[in-house]
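You will see chain A twice below: alongside chain B first, and alongside chain C after that.
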Partner chain A sequence: MEINLLVFGQLSDITKCSEMKIAHVNDTQQLIIKLTTQFPELALSKYSVAVNRKVVFENTMLTDKDTVALLPPFSGG
Partner chain B sequence: MKEKKKHTVLVEGPITAAFIADSIQKHSSKTNIGAHDIFLGQVRNDLISGKTVVAIEYSAYSEMAEEKFHAIREAAFAKYNLVCMHIYHSTGMVKAGEICLFVFVSTKHRKDAFDACREITEQIKALAPVWGKEIFEDETYTWKELNNGN
Partner chain C sequence: MAENNRYHRQIILKEFGESAQVKLKQAKVLVIGSGGLGCPALQYLAAAGIGTIGIVDFDLVDLSNLQRQTLYSMKDIGKPKALVAAFKLNDSNPEINVVPYTFKLTKEKALELFPFYDIIMDGTDNFSSRYLINDACVILNKPLIYGAVLRFEGQVGVFNMADKQSGIKTNYRDMFPEPPEATSVMSCKEAGVLGVLPGIIGVMQATEIIKIISGVGKPLCNKIISYNSLHNSFHDFEIYPSTIATNNYPKDEAEFLNFDYDWFCGACSNVKEITVDQFDSMRKNEKVMIIDVREKGEHPLITEFDYVNIPLNEFQKSMSGISTENKIVIFCKSGKRSATAVSMLNEAFPQCDVCSLVEGIENWKMINQ
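And then the complex of A and B:
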């Protein structure tokens, strides 16, 4: 079980890369805990989480090859 | 050009005046249109902590952004009496003074054009996963933050 993680905007300054594979996470909460352990600055950042291009507001189960994206506040236009 | 086809909103680099003029010209054959409204977003040379913004580098979650643009478009067609509409948003580097967003709404009468153009523009700002990196003259940068009305 491995998911694809996409990191955008200012969050990619923290993670130092914009795409990575993450193994052994069953849901978005586990993923965030794992990421925050690895990149403590994430805990201080505001962002939403999208699973397969849909923003989720609650802990969401993940399955193999899901794409999870960390989205800081949008600033287009 | 079929107006309701699904096109790509995100375009590389600035949106030129020639492109905008050409888009307007293409509508001369659509004689049921009585009103166009256009919103153009232009990169501003903000002064931030003593440094001047010379460009914004836009990045996007392209697949999600195109889905959002499509949903915004569908909602606008459902709510307003539109003849056609087009949205273009830049990715990559856009210098201060250049155009980064082009919203073009065509209707029979002006009220729908004004109302739809405003709402679509606000929705793009709020819903599209696009980020602007403000580049300063010394090549350092800060990530753009949106405020109401900005």
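And then the complex of A and C:
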């Protein structure tokens, strides 16, 4: 089981890339824990999570080949 | 007849026609911020024949704006943006009514102005204004056209407008229920922005406005599009009404007027700040502890005076070791992180005399060169 992760905006400074594959995560909560262990600075950032292009706030089950996006707000104009 | 010729190219579109042009002429659009997003949006809205366009901006034209704010030229530097923009728009289309407002948008002004307009466009550059505008639109039931940019990326969306099929209506807080910590916020001034990017996003905002008014096409309701100019990628995301959001925002005008947006967005309104002059006199004449909260090795490197370096992300845990006996001045690159550190110290040690160097060490270095 492997999901595709898309990282937007300034969050990609933390993850050092904007797209990656993550294996062995069953839900979004597990994914976030795994990511913040690997990239501690993520814990300091606010972002929304989208699973297969739908924004979710509750813990959401993930299945193979799902796409999860981390979307930070921008304020620039 | 003159008008017909002006709008000929869009009137001949079979989906558009005379009737859509009449709708544009009757429409009233309020654009908040005539900067990177506002300029391109305003140019196309005016050109398309939106009958009444309001422009809210309290800022003056600065040389650093010209890289992306295409309504302004060298001779406009120092002039109020809203006035210059209104003049330029009327020059290109005298058949429309352009109303400049040269004040800073407050909660009171939002409640006063928004009811006169059909659609509100957010072209501001800070979270405090963005939440304020969103909440006012929710309370007054106005469609909000959102756009935001940073570096090479931008977001655009249509909020507070029900989808025709589903009837679902969402707003900015359903996408971002809470603003980020002030410490993690990067403005375009700090992080930079590619000049064409607000051009692209601002024009997308104008497109949505024209679509909504004319009734042509499907507006971007309950969705946010994220565009990356380096990857040439567009991603769209669906938004749903969120209970986290509904619990948080003011429900009526009275609650709205009581809501502290600067506090909510951590704008550190109570932080004591000192100017370069005050700082220089203080460090020469008084016992003062100076703290740099930038990351180690961040430029400009300072050798002109003694200071201790505690990066902001270590500040909370190192804070207890700081002696509050003398005055404390905190600085960073732009004055943002130092303001956050000051509010952290203020909270932990209410008696300590601590202030932030306004506009940061970069500004200090420029003045002291």
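Annotations
Criterion: the second predicted complex is superposed on the first by the 73 of 77 C-alpha atoms of A that agree within 3 Å, B and C clash if a C-alpha of one lies under 4 Å from a C-alpha of the other, contacts with A are read in each partner's own complex, and residues count from 1 in each chain.
Simple rule for what comes next: contacts are C-beta pairs under 8 Å (C-beta built on N, C-alpha and C of every residue); 3 or more make two chains touch, one makes a residue touch a chain.
As the structure is a prediction and not an experimental result, all values here were calculated from the model.
In the superposition on chain A, the chain among chain B and chain C reaching more residues of chain A is C. In the superposition on chain A, no contact is made by A:Leu62 with either chain B or chain C. In the superposition on chain A, A:Gly9 makes contact with both chain B and chain C.
Within the superposed three-chain model, A:Ala50 lies in touch with chain B and with chain C [touch as defined at top].
Of the two partner chains, chain B and chain C are each touched by A:Ser75. In the superposition on the C-alpha atoms of chain A, the part of chain A touched by chain B in one complex and by chain C in the other spans residues 6, 8-10, 50, 53, 69, 71-77. On chain A, the positions that touch chain C within their shared complex are 6, 8-10, 18, 41, 44-46, 48, 50, 53-55, 57, 69, 71-77. Of all residues in chain B, only 41, 58-61, 63-65, 67, 89, 100-101, 121, 124-133, 143-146 touch chain A in the complex they form.
Only residues 33, 35-38, 122-127, 130, 147-151, 153-155, 174-181, 183-188, 191, 193, 198, 224, 226, 228, 231, 235-240, 242, 244, 313 of chain C touch chain A when the two sit together in their complex.
By the touch criterion stated above, chain A contacts chain B in their complex at residues 6, 8-10, 13, 50, 53, 69, 71-77.
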